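Step one of this worksheet: look at the structure below.
Chain naming follows the written order as A, B, C and D, and within any one chain the residues start at number 1.
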Amino acid sequence: MEKTLKKENFNSLITGLKDKGYKTIAPKKDNNLITLCEIQEADEIHFDHIQTNNSIKEYFLPKTEKILSYTIEKTKVSIEEPEGFAVKSVVFGARPCDAASLPIMDKVFNWDCTDKFWIERREAITVVTIACDKCDSYCFCTSVGLAPDSKKGSDVLLTKISDDEYLVETETEKGEGLIKELETVFSEPPSGTPDRQVATVEKKFEIDKVKPWLDENFVHKIWAEFSKKCIGCGVCTFVCPTCHCFDIVDECTMAKGDRVKNWDGCQFKMFTLHTSGHNPRSTQDQRWRQRIMHKFKYYVEKFDNILCVGCGRCSRSCPADMNISEMLEIIATDEGQPEPVSSDEGQPVSKE
Amino acid sequence: MTEENKFEPRIVAFLCNWCTYAGADLAGTGRKEYQANVRVIKLPCTGGIDPLFLIKAFERGADGILVSGCHPGDCHYNSGNYHARRRWNVYKPLLEFCGINPDRIQFSWISAAEGAKWVETINGVVDTVRALGPFENYQKLNTIGSDTSVSSETG
Amino acid sequence: MIEALRKKAEELLKNKTVDVVYGYGEGSVPERTRPVFITKPEDVNKLTWNKYCVYNLTTYLKKQEARKLGKPAIVVKGCDAKTITVLIKESQLKREDIYIIGVTCTGIGDPPATKCEACDVNTPLIYDELIGEKIENKEFSFDERYAELDEYEKLSEKEKWEFWQKQFEKCIKCYACSSICPLCFCDRCIVDKNQPQWIDPSAHPRGNLSWNVTRAYHLAGRCINCEECQRVCPADIPLNLLNKKLAKETEKNFKYRSGYNADDELAMATYKEDDSEEIFK
Amino acid sequence: MDNIYTPYLMNISDVTDEAPGVRTFRLNFQNENEGKNFKFQTGQFALYSAFGYGESTFCIASSPTRKDYVECTFRQAGRVTNALSELNVGDTIGFRGPYGNVFPIEEWEGKNLVFIAGGIALPPLRSVIWNCLDLRDKYKNITIVYGAKTVADLVYKHELKEWTARDDVNLVTAVDPGGETPDWTGKVGFVPTVVEETAPDSKDTIAIVCGPPIMIKFTLPVLEKLGFKQDKVYTTLENRMKCGLGKCGRCNIGCTYICKEGPVFTAEEVSKMPDEF
């Protein structure tokens, strides 16, 4: 279904959503941050940005969520299932790359068994994206098979066609339903071909060349070379819309507690530390390799999809300016034979 | 009784084993009465009280905290309370800076002979905190989801 | 200045005074630089110096990956150099194990970082080689130094609580603040210790409060105000306000400023019999 | 929709102290129906929770042929196992599983079996040992080589006696040099050496090795020398896990997720994995 939406109608759109019982999540500026967060009015929405600081995943896989609660009474334990975590909402104005991450992660959360926390939220949330009309040098969606106006994962995609008008395209039944619910806000599609204002994102590397290289180069000096400056924090994984690793912990007083699922990241040395003290990934180069391998090799082998949407957030917010697309460019253009690790500086540091 | 009158503050007192705990003991053996709102935690020395203990006490529902040990110069371990004094001198302002009422965290030196001072001090803390009311700000700090009540449970 | 820097680095590597130079190199975009580790004299042209050299490179002294490269020379600004004084004082480093290339600095960042407003270390206080024209270091009064805190200290208790709750709520527990901090060098951080679990690992308001307060407190009397924690925070939490508040209290109470004088006793590792009794009954 | 993270509630019906810091729990389902419907196969693992402390991963140490209960053996090491060891008969623990793949014991039918275990790694093998012993006629010779640091560290002491007494099992126990007591009648030496001395015939034989990484590392070459083919040698791997379901993303070695594709692997499969364990 195609429609148009006038900027002046954003107000009625947001009010309409509220009336229909949707919670609205949209980009909002607060000091130096632009975050996807709950809004009440259309005026709060921020449009003039390349990318929000937080990714859409926060609304499907929250940074911390209760997966069960329990009460301990002497020797007996009773378990209570969390309820009401999936709230009928609309994410409005996310970027297409963010939306594309959702169907990719559906695969792991449905692998053999279904994580209901993910799936029920997926069902409850409608994603309305706005195609990017600008980009920066960190963006590389076009290099990973997406585009600034990709429809993957979006229920509805808005594309700017003039200063005050957006083309509205529905991608899913859910999106169509949403448009129908708020029919009066939208206008009929334009006649003729609209002038889509979409950014041109430069293609930086051939993604097809990445996996074959990774297949051959589990041992390579580049891992250590590139990760030397890594400080081992979790920023890249936490801002990433496709990083989904998590931790499960109990938080409890004497009698009552919650089991909680928290974001976790492969760059932390604690991530894989055994109780015995042994750590299979004890050095930063191994952890950095894991991140790249997971995204561009392991996930592809398991689920036939790369685990990256090219949003560039990890590079933008890296405290040490590690740039993932730069790494992938090197990999994709490396014609050389697998280079055995021999030089002094490329040597993976010895295990702890 | 009205709802308001019902509030009885929960005070956690971290006491050094050698002075204040003995002082509190003396108050007891001397049959001096004081308000029963205090939960005493005995530790070897004020120098060994990690600031995290205070945070944990608030997390577990304390409305006020008293840290008390030997008078300067009387430390059983020579200098433990001097170190503690330095620590609290910067920690208390930090908590205050974060919006925690300074009256909720009090410090005192009470020797083993000062049973009366213990009674006076603890009554003072209880009364001050009672006047401040429950530390709802901290107890209502959200854990996960709005229905979680873990933070207000006493542990 | 860049030429002098490269020349010095080349010389140090050539005559084997050091094995590696931690310096600044070109970044992803012109507005950024990145840490580089130069081990070969022919690579010194990768070194650069400009107003985007924000990093406090001494943080790599705690990374085994960098330490493995051998004896380092480190390019430091005046603020960063203070770290080295503290690390030596805390027995984390021996003076002779490191070569300090000090650079004179008139401010970094665009817009300039807050720390640069009342900078009194344009010329580092400690170095083996100084690059750049020596700048007479300014002096600021106590009040000037902590002027940034005024507007926050003035807030009411309720306003303070609300302000910080709003800030801490954003925390995602990525630990970039402690990972980047050159003085957060514990092998196993208190948050990673779970017997008992002192700090909730979850990024909810309760866990975030205890984490952020504890992180700041562990730097009491130690933080040298490089503001790296604040710079790297992806949630834009003004962490340095907490550090600065502690620095202010340390100076007020103990007349100690971290990193300024190698002869001073570490504030939190010592005491004076006449320390303030004000808060004790 | 079911919550995949919800554990079964189990009662501890028996507690056995095996060795210093090592305990075995016998667990029964609190809900009888769940118990009836519960099935597992040997080799699988589960996540056990001490409520208030979290979950910990270890194998199911009992044999699927022994119905009505499951057993687990753990060493007190971390937060959860320390909390578990505080629990007593009658207390409740959480049990999430079974997860992972299984020992292909049907494929082994008609063959000789050699079990080689070190220290606290006997529990995963105990499950498969009892499973095979309970189906004794299906297998030819069964040899068990088990070594621990000291005599005190040997786990399942009662069962070791039982196996010694059986004439259809050849049990070889060993302790590390210095770990023996005056009345120790077993061997003294490290497991790889003991295996070499015992020299089980590799013909028509399956070897199952489980132990600390260093033991496995030195035992595999010995087995190779004795003529065992890599695809006839089985081992179980472990890594830190949180979900056990292939979602939390930490237990992988290369492309292989231990929780889904493991924990049982042949030496051949292990040799093809990247060196990251």
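FYI, a residue touches a chain if its C-beta (ideal position, glycine included) is under 8 Å from a C-beta of that chain, and two chains touch if they have at least 3 such contacts.
The UniProt protein names, listed by chain, are A = Anaerobic sulfite reductase subunit A; C = 4Fe-4S ferredoxin-type domain-containing protein; D = Anaerobic sulfite reductase subunit B.
Because the structure is a prediction, the values reported are computed rather than measured.
Peer 1: Between C-D and A-C, which chain pair is linked by the larger number of C-beta contacts?
Peer 2: Looking at C-D and A-C side by side, A-C shows more C-beta contacts.
Peer 1: Could you grab the centroid distance between chain B and chain D? Build each centroid from C-alpha atoms only and quote it in angstrom.
Peer 2: Centre separation, chain B to chain D: 49 Å.
Peer 1: Taking the mean of the C-alpha atoms as each chain's centre, how many Å separate chain A from chain C?
Peer 2: 31
Peer 1: List the centre-to-centre spacing of chain A and chain B in whole Å, with centres computed as mean CA coordinates.
Peer 2: A distance of 45 Å separates the two centres.
Peer 1: Which residues does chain D have that touch at least 2 chains other than itself?
Peer 2: 78
Peer 1: Which positions in chain A are in touch with at least two other chains?
Peer 2: Where chain A meets two or more other chains at a single residue, that happens at 64, 247, 249, 251-252, 254, 257, 260.
Peer 1: Counting only residues that touch at least 2 other chains, which ones in chain B make the list?
Peer 2: 143-144
Peer 1: Which chain pairs here would you call touching?
Peer 2: Pairs satisfying the touch definition: A-B, A-C, A-D, B-C, C-D.
Peer 1: Under the definition above, what is the set of chain A residues touching chain C in their complex?
Peer 2: 31-33, 53, 63-64, 137-138, 224, 227-235, 237-239, 247, 249, 251, 260, 262-263, 265, 268, 270, 283-285, 315, 317, 319-323, 326, 344-345, 349, 352
Peer 1: Using the touch definition from the top, list the residues of chain C that touch chain A in their complex.
Peer 2: These residues of chain C touch chain A: 27-29, 32-37, 39, 55, 59-60, 63-66, 68-69, 170, 172-176, 178-180, 192, 197, 200-204, 207, 228, 231-232, 234-236.
Peer 1: Give every residue of chain D touching chain C within the complex, in rising order.
Peer 2: Going through chain D, the ones touching chain C are 78-79, 82.
Peer 1: Which of the residues in chain C come into contact with chain D in the complex?
Peer 2: The touching residues are 194-195, 197.
Peer 1: List the residues on chain B that touch chain C in their complex, please.
Peer 2: Of all residues in chain B, those touching chain C are 51-52, 55-56, 59, 72-73, 79, 82-83, 85-102, 106-109, 121, 124, 137, 141-144, 151.
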